[in-house]
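The structure is given below, and queries will be raised subsequently.
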């Protein structure tokens, strides 16, 4: 049997304890984050789990003003694309910045990686508890200014 | 192209009229409606009012219900006098007293039951309600 | 491989419908069957695109119900394909492969979708399911959001000021509404102006309401068959000259997605199979789910150099009568976007274009012989390109 | 048409899991790829079965994500097929067809599902979406309900007293749990008795808890290729000898569904292509979503005359070592039923059986095996016939 070295649940648990985890490939040296079953660059399974520095640079962003079901109370919010120092990109919420005041000057800004729980009203996205709401293990990656 | 859509079929059922299609090519009846005759595939059909009478062929009592429904209730299939089978609920039997010998083979008339719009459905829900003749 | 043709095509009016997904598909399918001068019993397999039957109508397992609705026999395999917005194109491409490979002679392919009854919050949530859920879904990313991020990347990369880019994006919407106004099957049949686009409510900055395609109900279908059979069925069979399909990564793994690798790969496969180049394409229906998506698509498909497509829009090169007319049907933007049906509706348009059937409507691309469809599923998780052509 | 073979197969343990559907499929697929002695870049297409990824995880467009997860190149064709519980079998049959016709040489096909975490109420509702949503849904029909009505229909038609039929149905569950107890990947690895079944709470009269298969999580995958390529990579290729698929409409239009025309048509296609008949099949993995379902399908597939299969169960003819071993893996009942993956797990079992790799649950001298997968209330039926010799 083939087994994940770092499934999403362990990735999220590490993230909640302040650690951004991913892979370094022993074949080509590239980094993969978030994890997948093999290297994002060369598809080798010969990878080791490593802790990332957790620092990135904003490459692009948007402000969501019409939200999906479950995210109504969050509007407006910023979703951004950021590149980690190790190379991979992440999609996350830019937090600590007023969505109504953000400008294109944010592109290129350095951020650190964190997390926030998924809004409790969101459905269909993971394990559902007896109360009908999702269990708190679903998280979103966040970016905050350094 | 449709002579009878699901919406028109249920609007009529709510008014107490069971509609169906009669095929002008092979003579057989199709209900609930389709684009073509269920037997021969012809689109040469006309809308007719069916007798609304049938016989129960099989049933079950649902005791673990889907989201949005309260168990127990009876789901059954009836064969109409004109030939087609319909699925619906039996309206006038206590689910806890439903047994093969007091349900299967019984004559029924077809009415309608209306449910409020639920999640993941575009409209209110309508289903045939079978009433077992006394 | 055998030569493969499209015989008949069919499509419902797009927009709000009181009919079920299956009823809409059955109407489009019967139009295609009648247009091919065949009977339902001649069809050997059904390839159906559908995305949200479950959320929209509580209906999974759409394919066999659709097959039996139009009277195909119980021994007819029926397959539902889900590749988000590219579902119908996947179905068409797979049908092509099965006919080319000799497994089937006559197949029905297409798609259906009924979105409007869901309402905007649930529709936005369910559409968002086509992005990756574990590592990006919980940010609340929406599809307008995906293309909003793309717009900023594009503006930055090519040094086009955002205000300039936004004006050109608006011109995409204006062009597609102009075409759609002449299409009786389109959801929106009203011309709009650049000012209207730029004064619309903000959806996901910098995308405004009229940068976005609508939610739509509708269905479309085509009959795919061998060259030999098609010639007997119809006067003007349309050949499927090339197909290509690619698979993309989640957004965060694509890095610079102004250059969509899966689209470049899919288009390359299709061009190579057809033995032609981008310049040989006379007309294209491309995936303009958002105005900026059309700009980026036309570069990935090789119609314009990277970074230059927005300028080409401004110069009118993508208008009917321009260098390469894009979305003469009105595109997703104005014709509408019932996601599971979109690829089949693109095929419907291109088949009719190369047959020269839009002269009266006033949207005929003169002398069009070869046309391309481009359909994107998710944030480029699936890309499907199909090239259609007519002899002579 | 080219000859088509299966090289490697892979499968996760079935049962509740904390992994995502993509992760489950990737593990199964990598196992199949490794067992085929090929690399991910050799794979040209990925055909994935998935039933309800949207409700389960809010995840659509799964095929592309699985392709990327495995590191397949961007020009790989990746497609998701949904045919309710038959999704993976639809994917595998499509892979067979496209390899046979020469479009692809190496394809990964399989399925994934994470049904367990939905909870019974939402799972029951969403599973019921495999029935007709216009004309049947609002009766509150559930899948146990579909087969409960079938049990009443069957008892009435063949004049078998309901208590007798229920006892024989219980024996189907007992047999499948007995087999599942020997399968380390099964969700339930515990034997049960007829009494256990008849004591369970009623889900839909007359079906009780142990008449029903569970909600499961799991992934399974197979690598499908040509005869020629398979022989170069593995010692014991398993050949796909025949494939069939049928389509049916709403339950009410099927009328007396103790006879399922879509299943009969599908099996006929598969037998014809393979050039064999029901009596040539040594073992089968069949769709025992409910105990009565196994009884009825044995008749539809031609293993038994109509009305006689429940008696054959009582006589032990469907046990390992009996006349025809049915569900040596434990079936959906004990192995589990992650709907989108089920068909691939059936193929996994038949391939392992034909190769003689099943240990305690090995069917001796098996040469030809069959799979039978049902989607919805017989809306989609797929049958595959597999053999160790061409």
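The first chain written gets the first letter, and so on, giving A, B, C and D; residue counts start at 1 in each chain.
FYI, a residue touches a chain if its C-beta (ideal position, glycine included) is under 8 Å from a C-beta of that chain, and two chains touch if they have at least 3 such contacts.
Treat the numbers as computed from the prediction; the structure is a model and nothing was measured.
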- Task: Write out the two chains that share the greatest number of C-beta pairs in contact.
- Result: C-D
- Item | Intercentroid distance (Cα basis), chain C paired with chain B, Å | 38
- Message: With centres defined as the mean C-alpha position, give me the chain C-chain D separation in Å.
- Response: 34
- Item | Chain centre separation (chain A, chain B; CA means) in Å | 50
- Could you check chain C for residues that touch two or more other chains and list them? 20, 54-55, 57-58, 68-69, 125, 128-129, 133-134, 137, 249, 253
- Taking each residue of chain B in turn, which ones touch at least two of the other chains? 6, 34, 120-121
- Message: Where in chain D do residues touch at least two different other chains?
- Response: 20, 54-55, 57-58, 68, 72, 122, 125, 128-129, 133-134, 137, 249-250, 253
- Please categorise the chain-chain contact pattern as a line, ring, star, complete graph or other. other
- Query: Among all the chains shown, which pairs meet the touch rule set out at the top?
  - Reply: A-C, A-D, B-C, B-D, C-D
- Task: Over in the complex, which chain B residues touch chain C? Could you list them?
- Result: 1-2, 5-7, 34-37, 40-41, 43, 120-123
- Task: Flag every residue of chain D that touches chain B in the complex, lowest number first.
- Result: 120-122, 124-125, 128-129, 133-142, 144-145, 148-150, 152-153, 155-156, 162, 201-207, 249-253, 255-256
- Note on the structure: Per the touch rule above, chain A residues touching chain D in the complex are 1-4, 7-9, 36-40, 42-43, 45, 122-128, 130, 132
- Note on the structure: In their shared complex, chain D is touched by residues of chain C numbered 1, 20, 22, 46, 51-55, 57-65, 67-69, 72-84, 90, 93-94, 97-98, 100-103, 125-126, 128-130, 132-134, 137, 244-250, 253, 261-262, 264-266, 268-269, 377-378, 381-382
- Show which residues of chain D lie in contact with chain A when the two form their complex. 10, 12-13, 18-20, 23, 26-28, 30-31, 34, 39-41, 54-58, 68-72, 117-119, 122
